[in-house]
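Two complexes come next, and they have one chain in common, chain A, joined by chain B in the first and chain C in the second.
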Partner chain A sequence: MSAHNSQAVERYRNDFLREVEERVEEGQWVKMCMQCGVCAGSCPFGPHWQHSPQKLFMMIRAGKRQEVLSSDSMWMCTSCYNCVVRCPRQLPITHIMHGLASYAHRLGLAPKSQPTREFATMFWNNLAKKGRVNELKLTLALYFKDGLVSGIKTALGMQSIGLGMVKAKRLNPMEILGGHGLKDLKGFHAIIAKAREIEDKKKGLVS
Partner chain B sequence: MSEMKTAAYICAGCGIGDKLDVAQMEKVAQKEGKMALVRRHDFLCSPEGVALIKGDIENEGVSHVVIAACSRRAKTEAFDFPTVAMSRANLREGVIWIVAEGAEHDEVRQEMAEDYLRMGCAELKKMKLPAGNPNKADNKTILVVGGGMAGMTAALEAAETGYQVVLVEKTGELGGWAAKLWKRVPFRQPYREAQETGVAELAARVGAHPNIKIHLNSVIASTSGAPGRFNVELAQESGATTTLTAGAIIQATGASNYDIARLPELGGGLANVVDQAGLEALAKAANGQPIKRADGREVKSVVFVQCAGQRDEGGAHLSYCSGHCCATSIKQAMYFKDANPAVDTVVMYTDLRVPGMGEDFYRSAQEKGVIFTKGRASGVTAAGDVCKVNFRDLILDEEVSLDADLVVLATGQVPNSGVNIDLADDDPAKAQQVSILNLNYRQGKDLPQLTHGLTDSHFICFPYETRRTGIYAAGPVRRPMDLLQATEDATGAALKAIQAVENANIGRAAHPRVGDLSYPMVRLEGCTQCKRCTVECPFGAIDEDERRFPVFNESRCRRCGTCMGACPVRVISFENYSVDTVGNQIKAVDIPDEFSEKPRILLLACENDAYPALDMAGLAHHTYSAFVRAIPVRCLGSVNTIWITDALNSGYDGVMMMGCKHGENYQCHFVKGSELATYRMSKIDDTLKQLGLEVERVASYEVAITDNARVAALINDYAAKIVEIGMSPMKGFG
Partner chain C sequence: MAKKEYAFYPGCSSQLKASASNYLTSVNSMCKTLDVKLTEIPDWNCCGASIGYAEGGELPRIAINARNFALAETHLPGQDIVATCAACWLGARESKDRLDENSVLMKETNEALAAAGLHYKAEVKVRHMVEVLIEDFGYDELKKPVKKPLEGVKFAGYVGCQTNRPFGIAGESFENPKYLDKMVETLGGEPVESYDQKVTCCGGALAFSEPDKSQKQIRDIVESAYDHGAEMIVTPCPLCQANVEVYQSEINKKQGTKFNMPVLYYSQLMSVAYGGSMKDAGLDGQLIRATRLEEIAKK
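Showing the complex of A and B:
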């Protein structure tokens, strides 16, 4: 259990709804759900995830903290915004799903090998390093995430596409050596650090 | 109008002249209809046509008029001659619009039109111009029974309109249920916060109004009479009695809470389980401060269990939804949140129903942090100092429980409607019921009930009407409702009561034949005291005297003619509607012989729904069999079986009857008319067998006003059926 998590448990005890309202992006909307189920019925991923938004909101109200934060359901959201368009109470459901996912991630409760989470982490780390996405490194990291053998297999399978992109100058093999970045890298890192500081303060994650 | 002078006017407009041989029809009116005057006009409803008729009435002394043109439901403003008796032959909607096009149908079309003309002439000869009920009654005082929100509103509305009002209240003060509330569900913009009830102000206005006289601690010991002349005896708690007269009565006796003691499984009887009234008492005691339980402990968590003892499919409790309880629980949850936002408030519901602008109020409660849990409570038990609510979470589909300092059960409304007069006298349930109106009517002491003890009224079409003319029900006694709806109800009932006293004052009928001047007349010397009329009258208008003869209270009568249909010796009639007016029409139809392949089907159609549906079938040009002869009747309840036997005896091949839907969701304007007709017709099979006829020769149908395509189809199917079973063997004997 992460320090952030123990601190949150200590602070909110049984009142998970209040924790969500105060700490999750757009979490103040959860209480406004009227349980009509239109979001669950509208979601193209409906049958493929365990907890629909409707259920997640109900679980939050019922205080099922562990179950909600360790659920992989909100990670399945593809941001199609169908639910937001249809919600009769105008809840920003997509944003709440991302808010919940992000909060669970910060507390270290999100499911470890959830592919969306893994890729998102990879993407962020790649981007945060230079302020630009290094596509070659990101692709290779994705190919080799499950080990050397499967990495080589995937890379060989994608070989013709990769070579085609190099020919068309859509992919620079030299990027492997570090790649391009922002001019003021130091300034960029300072911005990111400040942003995180503000967010942590807002979410009460500063210990 | 001593001498009868008849006149027939045949219109040739709207295509009637093109499709029919009008000259031939003039001959029919003259020779067969024996009309003293026969005129044809190409546009009868034009000012010139109307002037022609008016001129004849004034100059020629015409007293009886047949108008052979469009349906009796059309052009009523043009053909409005209040000084003469009038019948209408329906040539447009009834003939030219519904008989199939083409020369091959010319013969049957002409026959149909001539028959309708003959029928109009025959009916006319038996009609009189209604002179109006001589038993007028002029008391215009309005008696309001019940001093709650609905009663006070009705009293005030009637008094403000200028009528004298007497308000009777059983308890020692006005206010009823509303006076027990701390606050009420909002009824004004922005519908976000509970509002002051305003009961004290309303009671003060009622008390100070010069037109309102209040009797507290009083109940009604007896009620007799009719609209315009009700005699009411009040019994005070002290034992004193007061007698008064009233023109109309509004019963606003409200509802009681369903008894919480009958819900032991939901904790009814436990110290910390209350109903909504119990919570209002706690809130009143707290006076805006945090609410405390009976033991003095401040409530930190509360669960509201919705539908407690309501919407019960098992039959043990109320089967209906009381409508107001969801909004009431939302309001009560706000009591807690407003005094202390940290209180856990859970409203446990299966379907949250907040009619009116309640959705805004619901949203406001959510914003305040009231938790709404979709779940079904299975049990409430005491667990130490708190209550444990076991329930099934209907979203997460699991059995769970919640602890709460206090549990509020949203029990429903049980109407205070007095005695269920439909129960048998030896029913033990009846012995426990206390009458409210103590009517000395032959049919029972209180207003008839439809279901669940709610007074009978058509809750969509005629909400305040009851089955006792001049007595109107308002508020939750007639259907479960909240304060706002009760207020609107009371206003409506007050207006209906005013209408009733005014109509009684000039001897006219009340709803639904408002303004009808005809009234039932009885030839008592022919009466056999069989009591069918007194038993069957849907409105309890007929009492019995000491010799068991019927006593008609015309002001209580709605003019449906159910008594006329019931009477086996046919001594009851109206001046313009009687066994003879219809019987004569039936006999006037020309019946072709057995080998003509032209059957004749009599269609008795309720004038409220079925006849308009037939007219609309014409309007929509649905074709139907030209062998049918339709006669509008006031209600199927007024159909006397003699018409059926006469028709079959005189050679009709079949009789169709079209009336309104009956049963719990009835649409009959006279409540029981179509039901009684169906019951009577169920007995006609024996008669048919005696006559040696097939039972299919009499058929009845439930028809709605929107069924225009269906009535045409029904007629065509029935005509095909008649072809199948063959022509009647009775032709030529009649």
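Showing the complex of A and C:
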């Protein structure tokens, strides 16, 4: 168990709803859900959600901490906002899904090698480094995440697309050497570090 | 009409030689005709996109968006921020709304910004390019400069998610937004109004991490355009454009379809209709060539 996780278990005991309210982005909305089920039919990857947003909200209230945080479901969220515009109680469902996923990731409870978890992490790390996304490095990182052999296979499979993009001037092979970046990178990093420090302190996530 | 000025937030994908660089090219051409001056926010950073959530957390994401606002307020005072990328617009506008509503978040954000000597005053407005076209110009104004109407070309207007939800364009419905159809009409083309996958999600960033699930969405989006007689798809969103164009060959390979449907930006249509060359409109940046538009551009 990660240190963050044992600390959280200790602190909230059996009150998972309160833990979500205090630590998950927009978590204070969960208690407003009236279980109407509208959101459950909204997700584009619906059949692949073991627990729909509606179910997840019910499980949170029932204190099913382990099941919720280790669920693969919220990682299926495509940020399409179908649910948000339909929910009669106007819950920011998209952000609660992101918040649950992010919190589970932070505690080390999210499913291992969940592809969206890996991609989302790569994406943030890529942008946090230079301030802007380097699409080439992101693509390569994605292909090679499972190791060299499978990476080369994926890359070869996608080669015609990649070359087409280069030819159309929509992917820059020179990005490997650096690419777009900010002038005030130092300031950018300082903002992120400070923001993270404030958030962690507020949520009691200090290690 | 007097020159209109905006603080421009192009986003990562619209940079030179990035996946939506042809979007930027066509936006510049369109703005030249409409006498719009876009000044890039100096040293802008990426918005974090929706997919940044897992590792980014809440405050860091809001703070990097506020950095862009603070830079715009300082260097381009009084100008609205205009984004061309749906995800940038959404990320920025959501951050702004949350900051405006929540004084604690505002205080914390400014504490973080102070680490780089910046301060956000909450004066700036965040808008999508489509909003600017519709609200600051209007269809009648947009029609005036048309030199080469896109006669006889049938377009399926694919709005997608994030330009449409949760904010959308004022006066449009979430289920059946009509502005792309109206734009096509304004430019002399034929909108395929019966197109029924207008607001279907293409999978967004999950096209990378969950390719099969996303390609099922994309297949529906393209197939329906064919079924309703469209020759091309037009969209306002760079990720929609890339997903729907780039994966057609993959889907053909895996599922034996014969998709070859060009996917364009509204701004490319405008550039061509306003008399721009193939290059002005970024048509040379298509993976699936838009032959009929190229012909009109060459006329």
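Criterion: the second predicted complex is superposed on the first by the 204 of 207 C-alpha atoms of A that agree within 3 Å, B and C clash if a C-alpha of one lies under 4 Å from a C-alpha of the other, contacts with A are read in each partner's own complex, and residues count from 1 in each chain.
Assume a residue touches a chain if its C-beta (ideal position, glycine included) is under 8 Å from a C-beta of that chain, and two chains touch if they have at least 3 such contacts.
Everything quoted here is computed from the prediction, not taken from an experiment.
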Chain C versus chain B on the shared chain A, clash or fit after superposition: fit
Partner chain(s) touched by A:54 [first = chain B, second = chain C, both, neither]: first
Superposed model, chain A: greater residue contact from chain B or chain C: C
Contacts of A:108 with chain B and chain C, given as first, second, both or neither: neither
First (chain B), second (chain C), both or neither touched by A:82: second
First (chain B), second (chain C), both or neither touched by A:194: second
First, second, both or neither for A:62, with chain B first and chain C second: first
Chain B versus chain C as contact partner of A:32, first or second or both or neither: first
Chain B versus chain C as contact partner of A:41, first or second or both or neither: neither
Closest approach of chain C to chain B (Cα atoms, Å): 19
Chain A partner contacts - residues on chain B that touch it in the complex: 352, 362-363, 366-367, 369, 371-374, 393, 395-396, 400
Residue numbers on chain C that touch chain A, as the complex places them: 12-13, 15-22, 43, 45-46, 48-60, 62-64, 67, 108-109, 111-118, 161-162, 165-166, 174, 200-201, 203-206, 208-210, 213-214, 217, 246, 249-250, 284-287
Of chain A, residues touching chain C in the complex: 25, 44-45, 48, 76, 78-82, 84-85, 94, 98-99, 101-102, 105-106, 115-121, 123-125, 127-128, 131-133, 135, 142, 158, 160-161, 164-165, 168-172, 174-175, 180, 182-184, 186-188, 190-196, 198-199, 202
Sites on chain A touched by chain B in the complex: 17, 31-32, 34-35, 54-55, 58-59, 61-62, 89
